[in-house]
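Notes follow once the structure below has been shown.
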Amino acid sequence: MHVREESGPGDTRFFVSDGPFDAAELARCAGAELRGSDAALAGAPRFSGIAPLQSAGPAQVSFLDNRRYLPLLEETGAGAVIVAPAFVDKVPAHAVALVSKTPYLAWARVASRFYPPPPVKPGIHPTAVIGEGAQIDPSAAVGAFCVIGERVRIGAGVCIDTHVMIGDGVEIGARSRIGSHVCLSHALLGERVTLLPGARIGQEGFGFATGPDGFETVPQLGRVILEDGVEVGANSTIDRGSIRDTLIGAGSRLDNLVQIGHNARLGRCCIVVSQAGISGSTELGDFVTIAAQAGLIGHIRIGTKARIGAQCGVMSDVEAGADVIGSPAMPFREFFRNVAFLRRLAKKPAQGGDGDKAG
Amino acid sequence: MHVREESGPGDTRFFVSDGPFDAAELARCAGAELRGSDAALAGAPRFSGIAPLQSAGPAQVSFLDNRRYLPLLEETGAGAVIVAPAFVDKVPAHAVALVSKTPYLAWARVASRFYPPPPVKPGIHPTAVIGEGAQIDPSAAVGAFCVIGERVRIGAGVCIDTHVMIGDGVEIGARSRIGSHVCLSHALLGERVTLLPGARIGQEGFGFATGPDGFETVPQLGRVILEDGVEVGANSTIDRGSIRDTLIGAGSRLDNLVQIGHNARLGRCCIVVSQAGISGSTELGDFVTIAAQAGLIGHIRIGTKARIGAQCGVMSDVEAGADVIGSPAMPFREFFRNVAFLRRLAKKPAQGGDGDKAG
Amino acid sequence: MHVREESGPGDTRFFVSDGPFDAAELARCAGAELRGSDAALAGAPRFSGIAPLQSAGPAQVSFLDNRRYLPLLEETGAGAVIVAPAFVDKVPAHAVALVSKTPYLAWARVASRFYPPPPVKPGIHPTAVIGEGAQIDPSAAVGAFCVIGERVRIGAGVCIDTHVMIGDGVEIGARSRIGSHVCLSHALLGERVTLLPGARIGQEGFGFATGPDGFETVPQLGRVILEDGVEVGANSTIDRGSIRDTLIGAGSRLDNLVQIGHNARLGRCCIVVSQAGISGSTELGDFVTIAAQAGLIGHIRIGTKARIGAQCGVMSDVEAGADVIGSPAMPFREFFRNVAFLRRLAKKPAQGGDGDKAG
C-alpha cells in the first residue's frame, strides 16, 4: 500500500459534505461581507467545498488567517476567500472575498456548513449491556460493547461510541458525544459535552495518608461535574473530588493527555493544552489559558484571563490577566529578560561575574 | 440539565455508606482520643456521615488538617471533629474532638469506616471470554467484555471491571482491583494491587537498534512485577523488562499518566505523581517521592527517601534523603537561590554583569 | 502470592522460544564473526537461549554493549558472547565470541532468532463486529470485541488484538500489529505498522475559534498517515489533520504517552521518546530525535538529524544536525555552560554580581 498519496481535506472515505452553497449563503453563515468585482460576483459558482489557498479551485472556498501566507493568496485559484478587511485588496480579481473581522471564526462556520457533525443514528447496539433503571432517550445512540450502569440517564441526541463504560448513576446531557473506550463514573455532564477516545473521568483521585504499615487510602467521595459544552481530549484524565466536586466550567476545552486532580475547579471557557496538569484543589477563573506541558501545584488560584505558558511550573497564585512562563513561573517579560541576560553574561567569562577566571 | 447543583460528599447516586457509628467507635477505628465537654460527650449522637467543616451538621464528622482552616473550625456545626492535639481548644463546645497526632490518617480511617470499598460481587459476566486453563477464584468478579488469556490465575476477591484484557499467563493476587479498559500482559501482580482505568501494563518497551535499513526491534523478554499493595493511576504505562523485570515495590503508588520504562525498579512505598516519567533501567530506593511532571533519565539510581521536585529533570544519581528540583536537578536550596539571584541581577542591567549596556 | 521470584528473560509462561541454534548459525544471523579458542569452538554446544552476562550458562548467549560491564564479561559463564572487536580479548576462554562492529544490532538479531514475534493466528473472533464492505485478508487476525467499520481494508498477516475500534474507511497495510484498546479513525497505515495498547489515532485535533458565545469548533478534515514500519507507543495520541494530513514518516518510532498535534509531519526514522509532544503543523526532517518530555510549539521546522534534549521547550526552528536542550531551547554546550556559570556565580554573592549585598 502506498500511503503518501495526497488528497485535499475532506477525503470522501472519511467525510461526508453538504452543499453546494452559493456565495451569498456562505457570507450569511459566516457573518461576512461579500465583495468582489462585478465579474467575479456575477460569475461566482455554487461552491462545493473547501481547500487550502495553494490547491483550491474555482468551486472551492479558502481562507487567509496569517499574514505569512499572503503570497499564496495572490496566486490562489480559489473561487472565494475569507479574509480580514486589511487584505481584501490582495484577493485575486477572479475570486470573491468574504470579508470578516474574525476570519478564523468565519472559516469555522463555513467549514462547518460544508462538514456538519455527522448525524447521530439513534438506537442501542444489540451487544450493549444496559443496567437496570437506565433511562436512554430514544434519539440517543449507544455503540457496540458499551456497558451502561444502573440508573444512568442519557439525554436527547447523545452519541456514545463503542466500548464505552458508564458507571452507575451517571447523567449525560443532550447532544453530548462520548468517544470510544471512554470510562465515565461518579459524574454529571451538561449538554453538548464532548469526550474524545480514552478519556477517563471520575476515577478516584490520588489520596492517601501515611500509616505505620505504608499508605492508607482516603476515600474519594466527590464527583466530576462537566458543564455545558466542555470538551476533553483523548486519553486525558479527570479525577473525581475527594470531599467536594471536581468541576470544569462551561465551554472549557481540554486537549489530549491532560491531567486534572481531585477537587480542581476550572471556570468558564478555559483552555488546557496537551500534556498540561492541574493538581488537586487548584482553582482557575474564567478564560484562563494553560499551554502545553505546563503544571500547576495544588491549592492555588489562577485569576481570570491569566495565561500560563508552555512547560510553565506554577507554584503560587497568579493574578487575573497575568502572562507567566518558566519554572518557577514568572512574568513573560522577566523570564525572557533573564534568559537573554544569562546567555550574554555566560558568554563573556572575563567580564562582570566569573571570579574564578576573571580574578 | 442543571449540573452545578451542589451536594455534600457521598452523593447517594454514587456512594453507599455504612453507619451510623457512635463517637467511641469512631475514636477506636481512628486510633484517636475522645475529648469534649461533659455535655458534648453525653449528647453525642450516632454519626451518620462526614462533611467539610463549613457544611457539616451535628450528625456528621469533619476534620482539620491545615492551620489555614482554623476559622472554619471555630464556626463549624459538626458534631465531631478530628484534630491534632494543638487544636483541641479550638473545637467548639457543642462538638466532640477526636484527637490524633496523625489527623489525616485518622480521617482516612473514619472516612473508610463510613465508606468502605464497595463489596465485590463474585461471578463471571456471561459476555466475558475466558482462555483455556484460566483459574479464576470463585470469589472473584470478572466484568462484561473482559478477555482473560490462557492459564491466567486470578485470586480470591479480585474485582475485574469491564473491557479488561489480560494476556496469557498473567497472575493476579487476592483482593486486587483492575479498572475498566486495563490491558495487562507479561505480568505478575501481588495482593491488593489496584489498577485504575486505562492503565497499560506489560507491553513491550522502547527498544531497538539502528540497522542499515532503519530501526530493528530488540525483543523485550522480561516481565512486570507489581508487588503487594501497588496502585497505578489512570492511563499510566509500565513497560515490561527487556532482559530483566520491571519491578514496582510493595505499597508504591503511581498517579495518572505516569510512564515507567523497561527494567526500571522502584523500591517499597515510592510515590510517583501524575505525568512523571522514569526511564529504562533506573532504580529507586524505598520511600522515594517523584513529584508531578518530573523526568528521570535511564540507568541512574535514586537513594532511599530522596524527593524529586515537580518538573525536575534528573540526569544523574541522587543521594538518599536528598531534595532536588530543577532541570538539570540540583538541591532545592541551590535551585531557589539561583532563581532569586538571576532575577535580582537581571533587573539591574547597569550593575555587575551586563557589559553590553554598562560598558 | 510471592511475586519477587526471579527468573531469567523469556519466562515460559509468557514467551515461546525457537532453537536450539549452533554458533555458526547465530553468527550468520547476527552478521558477526565467530572467534574463540579451538577448544571453545570445538566444544560449542547448540545454544538454547539468551541471558544477561551475570546469569548466563554454557548453552546461553549473552552480550556486552557497555564498557561499564566489562568485569561481568570476564566472569561470565555464557557459552557465547556478542562483543565489539575491542573487547574480544576479554571474552573468557571457555566461551566463543560473536564479534560485531554493531553489537547491539547483532544482539537484536540473535534475540529475535530465539524469540521471533509470535505467529499470527488467522481468523476473526466470533464476537467481533464487522462493518459492511470491510475487506479483511484471510491471513489476518481480528480479536474479541473488535469493531471494524464499513469499507475498512486490512492487509495480509495483520494482527488486531482485542477491543480495537477501527472507524469507517481506514486502511491497514500488511503485517501490521494493532494492540488492544486502540482507537483508529480517518487514517491510512502502511505495512508493518505497530500500535501499542491504547494508542488513539485520527481523532479530531484541538481546533476552535473564539466566537461571541464561547469557542466554536473548526472541522478537522484531514487524515493521519502512518507510513511503513511506524511504531506508536501505549496511550499515545495522534490527531488527524485539520486541512492537510498529519504524517509520520516510514520507520519512525514513538514511545508511550506521546502527543502529536494536527497537521504535524515527521520525516523518516524519527524517534520521539515518552511524554514528548509535538504541536500542530510543526515539521520534522528525517532521523530527528526528540527526547522524553520535550515539547515543540506549532508551525516550526526541525532539520534532519537534529536532536532535541529531554524536557526541552522548542519555540523556533532548529537547524539540521543541531543538538538543543533547555526551555527555551539552546545548543547543548550553551545550556550547560549557563547552568554551570549561574551555579558558580550564585554561590559567591560578594563577588561580581550581587550589588545588593556587595555594594
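Lettered A, B and C in written order, each chain numbered from 1.
Methods note: a residue touches a chain if its C-beta (ideal position, glycine included) is under 8 Å from a C-beta of that chain, and two chains touch if they have at least 3 such contacts.
Quick caveat: nothing in here was measured; it's all calculated off a predicted structure.
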When chain A touches chain C, do the two copies use mostly the same residue numbers, with over half shared, or different ones?
different
Rounded to the nearest 5 degrees, the rotation mapping the CA atoms of chain B onto those of chain C is 120
Separation of chain A from chain C, taking each centre as the mean of its C-alpha atoms, in whole Å:
28
Interface hub residues of chain B, defined as touching at least two other chains
127, 145, 163, 181, 198, 235, 257, 275, 293, 311, 327, 342, 345, 352-353
Name, in rising order, each residue of chain B that touches chain A in their complex.
1, 3-7, 9-11, 13-15, 50-52, 102, 104-105, 107-109, 111-112, 114-115, 125, 127, 143-145, 161-163, 179-181, 196-198, 229, 233-235, 250-251, 253, 255-257, 268-269, 271, 273-275, 292-293, 310-311, 327, 339, 342-343, 345-346, 349, 352-356, 358
Which chain B residues qualify as touching chain C in the complex?
127, 129, 145, 147, 151, 155, 163, 165, 167-169, 171, 173-174, 181, 183, 185-186, 188-191, 198, 200, 203-204, 206, 208-211, 214-219, 221-223, 225-228, 235, 237, 239, 241-245, 247, 257, 259, 261, 275, 277, 279, 293, 295, 297, 311, 313, 315, 327-328, 330, 334, 337-338, 341-342, 344-345, 348, 351-353
